[in-house]
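Before any comments, here is the structure.
Each chain carries a letter (A, B, C and D) given by its place in the written order, and its residues are counted from 1.
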Amino acid sequence: MRVGVLGAKGKVGATIVDAVKAAEDLTFTAGVDAGDPLTLFTDSQTQVVVDFTHPDVVMGNLEFLIDAGIDAVVGTTGFTDERIEQVRSWLAAKPGVAVLIAPNFAIGAVLSMEFARQAARFFESVEVVELHHPFKADAPSGTAARTARLIAEARRGLPPSPDATSTGLPGARGADVDGIPVHSIRLAGLVAHQEILFGTQGETLTIRHDSIDRTSFVPGVLLGVRHVADHPGLTIGIEPLMGL
Amino acid sequence: MRVGVLGAKGKVGATIVDAVKAAEDLTFTAGVDAGDPLTLFTDSQTQVVVDFTHPDVVMGNLEFLIDAGIDAVVGTTGFTDERIEQVRSWLAAKPGVAVLIAPNFAIGAVLSMEFARQAARFFESVEVVELHHPFKADAPSGTAARTARLIAEARRGLPPSPDATSTGLPGARGADVDGIPVHSIRLAGLVAHQEILFGTQGETLTIRHDSIDRTSFVPGVLLGVRHVADHPGLTIGIEPLMGL
Amino acid sequence: MRVGVLGAKGKVGATIVDAVKAAEDLTFTAGVDAGDPLTLFTDSQTQVVVDFTHPDVVMGNLEFLIDAGIDAVVGTTGFTDERIEQVRSWLAAKPGVAVLIAPNFAIGAVLSMEFARQAARFFESVEVVELHHPFKADAPSGTAARTARLIAEARRGLPPSPDATSTGLPGARGADVDGIPVHSIRLAGLVAHQEILFGTQGETLTIRHDSIDRTSFVPGVLLGVRHVADHPGLTIGIEPLMGL
Amino acid sequence: MRVGVLGAKGKVGATIVDAVKAAEDLTFTAGVDAGDPLTLFTDSQTQVVVDFTHPDVVMGNLEFLIDAGIDAVVGTTGFTDERIEQVRSWLAAKPGVAVLIAPNFAIGAVLSMEFARQAARFFESVEVVELHHPFKADAPSGTAARTARLIAEARRGLPPSPDATSTGLPGARGADVDGIPVHSIRLAGLVAHQEILFGTQGETLTIRHDSIDRTSFVPGVLLGVRHVADHPGLTIGIEPLMGL
C-alpha cells in the first residue's frame, strides 16, 4: 500500500512518516508540507494520504485528494457540520473513494469510551477520574467530559447512582457532568490518564487508559491507513474500522 | 413478575430470596428446597424460577418447570453436552418457554472478559494478572485461564507479543496459557480480583474486576430473571441478555 | 500472655475474643460486658485487657484496670484532653502499668499515613483520593482529611503544587484541605479505600490502602496486646509500638 | 550555591546542566567533558560537582575534587569495595569535604523500597510485581530483586506467607526471591513501574512507583547537590540526605 503524508514536517506528521517507513506492509511515497504541490501524491501513485495539517488548508487538501481518487485519513481538527456536508458531497461525486476523519486516534482511548458505553447500564454507580500533568488548563479534560456524557446517555432512564453524602467540603464529590461525578487530578510526573469506575453489589469494574507518550496516535493512524479503503464514503471516528 | 427460588435454603438461594423480596418490580412466590413439592411453583402462578441447587436434581427440576411453562434461570453447575441437548429437546416441545444457564452471573466478570475479547487484536502486548485470597488451591484461577484462552483465540494470526527477556529467574514471566502470560498473586486481605493489561506504542489499557463479596452474583441473577422471557429457548451465559 | 476483653458481646469485642482464642501465644481469660464485674479480670490473673466499650464507661474501666496493675489496649472513642490527663495521673501513681489508646488499629491505614508524612516533602505534587461505599454521609472521609492535614504539615515552607487549571467545572479539582486536593468517590461494591498520589519530574509514587472487611482492626489490636507492656505509661496510637 | 557538571555533554549530564540552570537557588559554573581541564571547576569557585561520567575516569575526577575541597554528587557506576575504600582514605585527609555516591537517584524508587522495608514485618503476605517495556533483557528487574531481598531480610523470623496453591501451571506464582514471589510483566507502552503488595486480615497496602521518563533522576540529583555539604565524608545512597 502506497502512503503519503500531508503536514510531513510537523511534529505529528514527521512521526507518521517514520512509522510508515518502518511498517513492512506500507510504502512511503511523498511528504507534503506548506509550499509543496499536492501533485506529488498523484505523481507517486499514492493510494492513501494521512493529513495532520491545519483547519485553514485541510478542505483544499481533501477536495484535491477526493478528486484524484486518493483515500484520506484525517486527524486535522475544525470539522463543523458544514464542512462535513461539503466532504460528503465531494465523495458522492466520486463513489469508491474513502475518507476517515477522527478526533482521536489513540486506540486505548477509543476502546475505553466504547467499553464505558457498553458497561454503563449494568452498574448502579459510575464515576470518572482523569489524571494529567499540571500544565493542563482545563478541568475536567475534554475526553473525561465526553466520556461522562456518553455514559449518561447510555444510562438514560436508570435511577441516579446512590450517594448518601450529607456533610462535607465543596468539591469533594467532583464536578457534575450530566449527573456523572468527574474528578480531575493534576500531578507532576503524569502525562494523560483516565479511569472509569463502575460498581454494583459486591463488585467493581475499572477501565483505565494510560497514555504516556505523544506518539500514542500512531497505531490508530496505521489502522486507519490499512482499513480506510474498506469503508468507501465518509467515516467519522476509527470505531467502525475497529468493528465496534 | 412472579419469581420463585429452587434451593431456597442454601446460602446462595437464601441471598436470592432476599434480593427478589427487596426488588420493587418482582414478587416472591415460593421457595423450594429438598423435600418440598415443585407444585408450589405452579400453585403460586410463578413465572420464573431461579435454580441454584445440585447437579443431581437440576435436570428433574428443569423437566418439571419447562413442562409447566415456567421460565428458568439456572446457576447450578454440571451441564455436559448431553444435558444441554436434553434441555434443548424439552424446550423444542414447549415453544415460548425460556431457560438461561450461566456459569458466571458476576456482571463485572462477564463484561471484563467480553472487553478483553474485543480489545485483544488491537494491542501488541497483553498479560493477565489474577489476585486472590491465599486459601485458593489452583493457580492460575479458572477465570484467568479462560480469559487468556479467549484473548489468544481473538489474537489468532497476529504476531506474538514482543518480549526480549533473555536472563532471569524461572517463573518471573508467569504461566503460559496459549501464549498469554498469566500471573497469580495470593495475598491475605484479598477476595477475587483480575486485571487484564493491554499495551501498544505509548499507551496501555487496563481492565480490572474486583469482587469483594460472595453476593456479587445477585445483580446478574436479577438481570436474568427480568430478561429471560425475551429469549425463548435455551440461552447459555448472560451475555446475550446484556446485548453483548 | 493472659488476655481479657471488655465489651466482649459487642460486634467488635466478639471478633477480638475469637482472635485471642485463635492466637497460639495468647490465652483468653475473661470476657466482660455490661453487668459483669470487672473482678473477673483480677480473679483470672489477666495481664492485658482490650476495651472496645463506650465513652460512658471506659473511664471507670481504666481506673479499675490501672489500679489493679493490668495493662489496657483501648479502641473506645471519646478521649478529650481532660480524659487523657486523668488517665496520665492514674498511671503516674502506678508506674509500670501500660495503657494504649488508639483511634485506628488498621495497620495499613496507620502505615499509609506515616509513609505519606515521610514522602510529603520530596514531591512537587500530592493529591488524596478516597473511595467508599455510597452509604457514607461525609465527604471527604475523616481519614482522608486527617491524611491531607498531615501532608500539609509536613510540606510547610514548600511552594504549592503546580496547577495551571484556568477553566473548567466547579468541583473538578476536588476539595481543598489545607491546600491539598482531596477527591471522594462513592461507589456500590466498595468498602473503604484510599490512595495518596505523589508526583515529581518523570515519576510518581502511589500509596494505596484497601480495607474490605470490618475485621481489619484485628491484627493491630493483637499487636497492641503483645507489645503494650514494653511501653509503660500512656501511649497514643499504635505507631510507637510499630517502631515508627 | 555554585554547581558544576562532569560528563556535561552526555545525555544525563546535559539534562543536569539544564536543571541546575533552571533552579533559582543554584548557579551553574562549568560543564566539563572528555578533554576539558578539571581546573575549570576551581577557576570558577565551584562548590559542588555532579559526576555522571564513566568508571574509567571517575576515580581521577574524585581525587581532584576532594583535593580541591569541592563536594561531589556521583551517579557514575562501578564502585567496588576497593574504590569505596580509596575514596574514604582521600576524604580522611580532607575533613569537611563531602562525597555522595548513589546507585539510584529516583526519589520515588528509594522511598518505595524504604517503605517496603518498614511495612514488611506487619503483614502476613507480600508479593512484588514489576512492569517494564518489552525490550528489557532481565526478569525480574534488578530493582525488584533488590526490593524482595530487602523485604525478606526485614521479615526474618516471621512465618512464610500463607499459600494454599496445590495445582496449577508452572510460573503462575512468579519467581521466588528469598521466599518472596516476584512477577515480571513486559508490555509495549510501559516504561518502568513497580508495585509492592502487602496483605493481612481484611486489608491490603500497595506501594506503587511509576517512572515514565528518563529524567526522573533529576530531583534526586538536585537534592544531593543541595544537601551533600551537610554530610561531610562519604555517603552511600540518598537515603541519609532524605532523613530516612
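We take it that a residue touches a chain if its C-beta (ideal position, glycine included) is under 8 Å from a C-beta of that chain, and two chains touch if they have at least 3 such contacts.
Quick caveat, the model's predicted, so the values are computed rather than measured.
Colleague: So if I look at the partners of chain A and the partners of chain B, which chains show up in both lists?
Modeller: C, D
Colleague: Which is the least count of steps on a path of touching chains running from chain A to chain C?
Modeller: 1
Colleague: Which pair wins on C-beta contacts, B-D or A-D?
Modeller: The greater number of contacts lies at B-D.
Colleague: Suppose each chain is reduced to the average of its Cα coordinates; what separation in Å results between chain A and chain D?
Modeller: Centre-to-centre distance between chain A and chain D: 39 Å.
Colleague: Taking each chain's centre as the mean of its CA atoms, how far is chain C from chain D in angstrom?
Modeller: Once rounded, the distance between the two centres reads 33 Å.
Colleague: Please report how many Å separate the Cα centroid of chain B from that of chain D, as a whole number.
Modeller: It comes to 47 Å between the two C-alpha centres.
Colleague: Where does chain B touch two or more other chains at once, residue-wise?
Modeller: 123, 189-190, 198, 200-204, 210, 212-213, 216
Colleague: Please give the residue numbers of chain A that touch chain B in the complex, ascending.
Modeller: On the chain A side, the touching residues are 106-109, 111-112, 114-115, 118-119, 122-123, 198, 200-216, 218-219, 223, 242, 244.
Colleague: If we count contacts the way the header does, which residues on chain D are in touch with chain B in the complex?
Modeller: 123-127, 129, 131, 134-140, 145, 161-177, 181-190, 197-204
Colleague: Which stretch or stretches of chain B touch chain C in the complex?
Modeller: My answer: residues 189-191, 210, 212-213, 216.
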